[in-house]
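Take a look at the structures below.
Shared between the two complexes below is chain A, which pairs with chain B and chain C, respectively.
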Partner chain A sequence: MFDIHQAFRRSLQNPEIAYPLAAIIALTELIENSDAGTMFELVNAIRQGAETLKSKLENPIGVDAGCELFIAFVTLFHHESLTLTDLKRELIRQGQKYAEEAMTYRKKIAELTVGFIKDGSILTHSHSRVVMQTLLLAHQHKRISVFVTEARPRGLGLKTAEALIAAGVPCTVVLDSAVAYVMDKVDFVLVGSEAVVESGGLVNAVGSNQIAIIARAAKKPFYALAESYKFHRLFPLSQYDLPSHNSKILSFSSPSRPTRSASISRPAEDTTTASDPPTASASTNDTEPTSSTSITQQQICKTNPHVDYTRPDLISLVFSDVGSLTPEGVSQYLVGMFAG
Partner chain B sequence: MPDKQETTLPTQQPGAAAPKPAGQPSQKSMTKAERRELQEKQRAAKAAAKAEAPKGGAGGSAAKTKGAQAPAKKAGEAGPAKQSVLTSKELGHAIPEEGAGKRGPRIFTHFGLPKPIGHTVKGDIHPAVVRLGLSFSEFKICGANARCIATLTAFKNVIQDYTTPPNSTLSRHLMTHLSPQITHLVAARPMSVSMGNAIRQLKLEISNSDIDLAKDVLCKKIDDYIQDRIIMADEVIQESAGRKIKEGDVILTYARSSVVEKVLLRARSEGKKFSVIVVDSRPLLEGKALLRSLTSGPDPIPCTYALLPALPSLLTEVTTVFIGAHSIYSNGAVFSRAGTALVSMMAKQRNVPVVVCCETCKFSEGILVDGFGKNELAPAHTVQPHGSTPTPTSEPGLEVLNPLYDLTPPNFITAVVTEVGLIPPSSISSIPLALGKTIL
Partner chain C sequence: MQAERGQHHRSVEVLASKLRRRQIVGSRTAALETLVVLRQVVSRARFSNFEQLVEIIRGVGRRLVEAQPKEHSVGNTVRKVLHHIREEYQTAVGQTGPQAGTSTSGFSISKFVLQGQPRRHVPAQKTEVKTTLKEDDPEDPDSFSKGLKPVLMEAIQDVLDELETVYDNVSKNARDHIHPDEIILTLGRSKTVETFLKTAAHNRHYTVIVAETGPSYDGREMAKSLSSAGISTFLVPDSSIFSLMSRVNKVILGAHVILANGGMFAITGSLIAATAAKAHSTPVVVCAGQFKLTPLWNLYHEYGAVDFGNPSDVLGFNEGELVNKVDVVNPYYDYVAPEFIDAYITNDGDHPPSSIYRLLKETYDDEDNEL
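Moving on, here comes the complex of A and B:
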């Protein structure tokens, strides 16, 4: 029995491969192992596979983007003259060819972005492979210095800083809370992406939205780098409209002592209601001296979001292998790709 | 025949190219202000004449004066009636009078003044179209979708009753037959964009068709258009927009949009628990009908009804704003019931997402940047006086300005839901290309 998760994990073992691409490769392998008799059955099997893949993931956006792209390709593929076996073979071949080509996308994006980089300082967020490649390429041609945010709770920013320092790029780690402090020293902001959505907005590691808002306030450009397989037809209306949002995120813990004040004693709510943003996780509990519960980093990690949504009006440009796009242009590209 | 010799006042024959009487400078040499003054004087004189005429003189001459003031406008009786001759020149155009000294509001006159109901039927108009014209001008059928469907249904009747004259074919002659019907509808009420697109599509079908096109085929094509572009499109929109409604949401909507109504009812029938705020405004108060529709039925939605001035205090509670559209332009601007722009702008200011539900048959290729370029004034009978507010009949100097539509700029819209998906307003212009059409 073909296990799509295994195939998915196997592709991910190559550190260069991003989630959407791994999903496409896994679906290609699904076609290879499929015994569907007709085109219709094959497409159904692919859809099923995509669903199974997404169900096990906490943050399915990237995988969803890759799956949608592949399914659109399969359904629009010109197949009248081919038999089913020929068709399958052709689809697999195309899938593998696409995967190979997609490995060159990061290089293309890096080359495109370097044209926009002048000598100066750059702010980046967390760890992104495409941003790494861009910064290393820029370092060969220009004099840049990089500020990296720590990106708690996972602390991936440290990985970026270590790699850059090893390559000889002047680099320092900035606290997530010190982004506003450092913004005036920075020439522009460069971030990677998990997905770029229909509205032209960006879904990326939590903290990107904050940085974008601060960059807008300080009048610095905010650039996002995204390979074309990360473009998604999703349209979030707000932070809480993301598929990764659930009721656990930013929920209040139930009180353990009856003497707590009324505001903290509200039970864990469904945070999709109303417009008032839920307050930060209950770190106020710490001040209660008789409390026996202490907050651990793991708890914080569990009740906080992993990704956030940056609105399109905060983004200056999106650099992709299809070229440099304005946020409005992203939607026009997506409409051109998927509609009709 | 009017007796012109014994005049003491200068007389002007309407439309005559005769030399202007002495004592009155030629119209061209006067400045605009002077010409306006002259107009005012003439109108005042005419009003005075009208007031005087029933009083002074015998009943006979009074009747004559009244008769002379009818659209023929060739009056030239002795005495006070002479003054009416002066005014006849500028009354040579076809707008019938609404009352002494009335000329409608000073601004927005480029939309055409609202036509009174019960106007005459010119030419050979099908009774279904006459009925429709009356329904339009009395606002019995209101709303872009309703008007479009009603128009197409009426045209189906026309086509069924149509017989091709000898020596001509259906595809060539039908268009000339339909044109006066369309003109009649436009005279009743200016055409909506959805109607315009539908008629353009119909014309395309007729002109592209075979030489021996059957009437049934054409009627089937009309049915298909209604089914695909309106009914099915609404289904898809209900589903896409419904996904944006979550448990516990507070949805705000304005006036009454047929699509938004369907979206809300459908989301409710799927079992979601949410509440709705219906914002409404005079004079049409369409929100009341929406309120009735949402709260009646087996599973009523908890609703709040408010008027437009209450909006700022309500917006703090709102999760999403859903609005409908009369039409949407290539730059993403939404043309909708007057008041919608206020709602959208205020919502956007408070970071409340604004979602517009609009079928692609309402897209217009033009670009509109404000509500002044294209609009429609509601006729005076739609404004019911409220308590002791002064009305134009009670105060002669008072005019009522009642534009029906306004324009919401694209940067106040978060998303547009169409049958081809959820798109940002800036991508409206790429939809026709993506659908493989060169025209909408």
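Moving on, here comes the complex of A and C:
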């Protein structure tokens, strides 16, 4: 039995392959192993595969973008003259060809973006392969220095900093909370993306939104880099519309409240025994040290989002392998692809 | 062959040196001159396949752009001609171009993504020229160029016609943009804006405030010209733009170059007016011909950035005492960012700054952005 999730993981082992692309490769393999007898069955099998794949992931946005692209391609593929075996073979060939082509996209984007970079400082967020490639290419032509955010909770900013310093690019890690402090020192902000959505907005590692807001307040351009397989047909109106949002995020820990707290909250009765409530609350704190003092990083991680949504009006330009686009331009591409 | 090459080289060289010496002023004039030279070049060119022709035109384009990189309309004209010629060639040869790759062989996922790309919808194919054009014919290498040239000339003529009527076409909806008894602020002397305002004056009674626009003081000429056309006109110093803005209903500006991000380069002072307008929430409208659309996203572009005029306009040598002690710069253009502009009125309709990039993709072919 073919396991799509395993195929997906296998292609992710190549560090150059992003989630959407891995999903496309996995779906291609699914076709290869499918015994569907009709086109209808085949498309159904692909859809099912995509669902299984998504259900196993905490953050399905990237995979969703890839699956959607591939499914739309398969359904719109002209196949009148082909037998189903030929069609399968052709689809497999197309999938593999695309996976190959897609590897050149980052280089394309880097070349496009380098024209916008002048000598000076750049702020980037977390770790992105396409941003890395762009910065390294820019380093060959321009004198750039880079500030990178630490990007809690995963701390991938450190990975970026290490790689940049190893390549000889002056680089400093800034705290996520120090973005406003550093903003005046940079010329523009350059971030990668998890997905670019139909509104032209951006889904990226959490913190991108606040960086964009601060960049706007400081009147600095905010550029996003996105390979075209990250264009995603989704129209979030707020942070909580993202598929990655779940009830655990931002939830309050169940209150293991001290039993006497009820009497503390009634100040009218306290007038007689003024000294009593404070000592009582102090003693409850002593008896329950676990609830207030030891909040672990893992706990924080669980109740916090990994990605956030940045509104299109905060984004200056989106650089992609199909050209530099305004956020409106992205939605035009999506409409052209999925409505055509 | 050699002599012929020298021949068209000469007309190219003449224009190049004129451009270099700034003997050609104004983007429309430059565009027109470029077209005339291109027409000569194409009519004399010898080529046996389409790539050769494109390379000849590009070569001329490169030469002219190098001569005066700040006159973007030259490059734009060459791009536009290339675009038209490609279109004509594709209809003549009878293939509908690369976009019609929906047959199984040409359809791939990356092409599928490109379906979202903006492009002009080509009207139903003209079926007049269906002569069998044969590229690289070894027996008669000229047959291809002979067959194609009439269409090419037609294509160039189309661009030329468009350029010649550009002011009228920009102004044709002027009455819809200017309402009775409005107060309009403008500056500099843009031929496009001038025609626009005069056309509107046929139907509307309104007032124009013209800023002097130092150090060239083009605004004075503009005011003279407008008032002689019977428009009630005030000439004001540049320094009073902000204080007058509260009374102004609309700011109408000309452009030197419209950039792909929706921003523009315009005569110095435009940014003052645009910023003041923003502070008062006054709409800013830009009138410009389509030949000013430039596929340039980039502010830091080597030549895209500021152009400097003669410093003696600001501080002449008669101020001898000062000349040694100060640096005088006289920037010729302001960069006005897209968020300052509400609409572009072009000969191809009215557009918000955010859709300029789409207009560009429709007007030029991507591969020509770098000539």
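Some notes on this structure:
Quick note on the criterion: the second predicted complex is superposed on the first by the 305 of 340 C-alpha atoms of A that agree within 3 Å, B and C clash if a C-alpha of one lies under 4 Å from a C-alpha of the other, contacts with A are read in each partner's own complex, and residues count from 1 in each chain.
Just so we're on the same page, contacts are C-beta pairs under 8 Å (C-beta built on N, C-alpha and C of every residue); 3 or more make two chains touch, one makes a residue touch a chain.
This one's a predicted model, so the numbers in the text were calculated from it and none came from an experiment.
More residues of chain A are in touch with C than with the other of chain B and chain C.
Within the superposed three-chain model, A:Glu328 lies in touch with chain B and with chain C [touch as defined at top].
By the touch criterion defined above, A:Gly336 reaches both chain B and chain C.
In the superposed pair of complexes, A:Leu76 makes contact with chain C only, with no contact to chain B.
Using the contact criterion defined above for the overlaid structures, shared-chain residue A:Ala166 touches neither chain B nor chain C, since it reaches no partner. By the touch criterion stated above, A:Phe116 is placed in contact with chain C alone, chain B being left untouched. Comparing the two interfaces of chain A, the one with chain B and the one with chain C have residues 328, 332, 335-336, 340 in common. Residue ranges of chain C in contact with chain A, taken from their complex: 102-104, 107-110, 112-118, 260-262, 297-298, 300-301, 354-355, 357-358, 361, 366. Put simply, chain B touches chain A in their complex at residues 244, 246-250, 316-320, 350-353, 355, 411, 414-415, 420-424, 426-427, 430-431, 433-436. Within the complex formed with chain B, the residues of chain A that make contact are 198-200, 233, 235, 237-238, 241, 270, 272-275, 312-313, 328, 331-332, 335-336, 338-340. By the touch criterion given at the top, residues 24, 69-70, 72-73, 76-79, 81-82, 90, 94-95, 97-98, 101-102, 115-118, 228-229, 231, 316-317, 322-326, 328-329, 332-337, 340 of chain A touch chain C in their complex.
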